[in-house]
Amino acid sequence: MIDELRKRKPVVHCITNHVVSNFQANGLLAIGASPIMGEAPEEAAELASLAGALSLNIGTLNAMSLQSMLIAGKAANEQNIPVVLDPVGVGATRFRKDAVTKILNEVTIAVLRCNAGELAAIAGADWQSKGVDAGEGRADVDELARQVAAQLGMIVAVTGSVDIVTDGERFAEIPFGDAVMTSVTGTGCLLSAVVAAFLAIKPEDAFSATVVAMQYYAIAGERASAGAKLPGTFQTAFLDELNQFEQSEIDKMLKRKEETV
Amino acid sequence: MIDELRKRKPVVHCITNHVVSNFQANGLLAIGASPIMGEAPEEAAELASLAGALSLNIGTLNAMSLQSMLIAGKAANEQNIPVVLDPVGVGATRFRKDAVTKILNEVTIAVLRCNAGELAAIAGADWQSKGVDAGEGRADVDELARQVAAQLGMIVAVTGSVDIVTDGERFAEIPFGDAVMTSVTGTGCLLSAVVAAFLAIKPEDAFSATVVAMQYYAIAGERASAGAKLPGTFQTAFLDELNQFEQSEIDKMLKRKEETV
Amino acid sequence: MIDELRKRKPVVHCITNHVVSNFQANGLLAIGASPIMGEAPEEAAELASLAGALSLNIGTLNAMSLQSMLIAGKAANEQNIPVVLDPVGVGATRFRKDAVTKILNEVTIAVLRCNAGELAAIAGADWQSKGVDAGEGRADVDELARQVAAQLGMIVAVTGSVDIVTDGERFAEIPFGDAVMTSVTGTGCLLSAVVAAFLAIKPEDAFSATVVAMQYYAIAGERASAGAKLPGTFQTAFLDELNQFEQSEIDKMLKRKEETV
């Protein structure tokens, strides 16, 4: 699918936070997609209409960008353009919770891409963000993701020590990546936009597109981390790796993992 | 002129998009200029007045930043401070088209720095953004740039596989650069700000200043790309190269190019 | 204190400018802190309440972010969460001067982190920003910092060729760092956020926390610059160095400096 993506260079419309917008645009360019960034409500519907997918990220949300997200989301829905939502820090404030509720009510989301704490906040679960990746916690995350996916009728993709994807019935684990990825800001945000780019290539099978996007991303991260264990160096190596690595390498990694299981 | 720029460290006021603002500031620092970023209408006129040149970029334009651009542009005009306009994605939405029209109507622009698709949108030409750099397309871009420059009374600098600069009469080609430059977000945006920095050094000859700025930039990119063909590595190498390379190297590259023609 | 910081991973709420927000978040992650960025007034108080320290930066201030800073600052004060203010370019415009005055009037600031020109603007002194680090100028900066600290009842930390920290009575010099640090945008802004992170660890002794933060930061910069004299390379090396280097190295540098004095 990555070859197809590099050939077709899908346009991804991002309404995103200013902390990660540069990294997100560079990451999308690196995989072969074409980012369009914009935040004005006046142009939100038009920009979404030009895109193969829409990526919404509430990291530095304000009243104006929320309005743009709702307009762009509805425009995308009307034209069957898939929408990814990244509910950054949704558990932190009432403003973010209300915004996500509003987006989920008014826009059909194809993929919710989040971490365990954000998933719990959306589910309304009483969740400790510390230790969510450990032991007992892991099982809870899997089950919670299934429930949220089934209830909201969307794909839920949760990143952690092992990433998971579920549509409420199907379930996939992505056992790749490296801890250094969490030491660079926006690796989760960029992943959400990368999922959007893959959705643009295969909108008719959003589950597979999401799984492949997350495999691609996590393996690129794992490969980049091999020679770059510090955050400055890793950021550079990761963009390089996203740009250069091939489907054949992904297949090799997947095969190796299967054999060791 | 680069030695003069490094000595005088011109202040460049940038009202720009949040995707590239970090890269633009670092690129200006690298060449020896002093960036001032600001976006509030309340301070737009004052910031412009402090600067040797003003750089406007509509990449993530909103109602507030548009207002700031108009205020800053008029203040710059009153004090003969040159203004560069980068009409990012102007063909994409009605909001951007109207904003650029308003800016062109109310502010005297010294240099319009854009790509072929943006040029066509401003000219109102019916243009396919795919393939603009190829065969027949190239001749059209040259002619269109001349027409727009003559009609609007400004310098037009268009980047592509070969960059061009024209004031409607004079015409220059900058046959340097490398394709990897297009895989990093903001290389066009930063170029616009670099042109502004050179204009601050030689406002009385804006055509020459623009040509020299674009030669400097494209050659730095070409040199950086020699050892850095991937986007992460390239971004780092490019900032280093912008910082360190010398007029003598530019002269050498120009001479070599002349000999091979 | 850096070991303690890495263990406790304090949350630092940043209301900051979009030029440096990515670098600031990555720098905070690199030292082991947890950045939360946000700019909407609707959530400013809640975000501040979640944090161990609040970092305010007026680099691309607008009416909305100023409002957020005031709300967040007051919320932080109510809960004894230390607040750092970075008055970027305060001398440049009336808007910035008024904003800083308003913040200083309505919010109790623990540490004012600025350069000599910004300090002079706040003190109302008639100051030439050129040459502030040279000869006679240095003594003036030291004295001005003491006066401002005493008068406003806060710690004042001024960066320059030699960084200084004073609370009006105590006085510390940080004779580390490298000139290449000034060629990367946001090194001052990130330092302010790093000071906030250290304050979160030792709020009961803000003077010591500030001195240690500035030693840590300047030494990391000096160490990174040893192998990276160009701005692109330096930025990467600096993030790596902030992430990896140890208290024992700081002690060694401090000891060596004492011996040479």
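Order of writing sets the labels: A, B and C. Residues in every chain begin at 1.
Going forward, a contact is a pair of C-beta atoms (placed from the backbone, for glycine too) under 8 Å apart; a residue touches a chain by one contact, two chains touch by 3 or more.
It should be emphasised that the depicted structure is a prediction, and the values quoted were computed from it without experimental measurement.
S.K.: What is the touch distance from subunit A to subunit C, in steps?
M.R.: Each step joins two touching chains, and the minimum needed here is 1.
S.K.: Can you report the angle of the rotation that maps subunit A onto subunit B, using C-alpha atoms only, to the nearest 5 degrees?
M.R.: For the C-alpha superposition of subunit A onto subunit B, the angle is 120 degrees.
S.K.: Between subunit C and subunit B, is it the same set of residue numbers doing the touching on each side, over half shared, or a different set?
M.R.: Because under half of the interface numbers appear in both copies, subunit C and subunit B meet with different residues.
S.K.: Calculate how many whole Å lie between the centre of subunit B and the centre of subunit C, each centre taken as the average of the chain's C-alpha atoms.
M.R.: Result: the chain centres lie 33 Å from each other.
S.K.: What positions in subunit B touch 2 or more of the other chains?
M.R.: 18, 22, 235-236, in rising order.
S.K.: Quick check on the complex: what are the subunit B residues that touch subunit A?
M.R.: 17-20, 22-23, 59-63, 89, 92-96, 183-186, 230-233, 235-236
S.K.: In their complex, what parts of subunit A are in touch with subunit B?
M.R.: So the residues of subunit A touching subunit B come out as 18, 21-22, 25-26, 29-30, 35-40, 42-43, 46-47, 50, 64, 235-240, 243-244.
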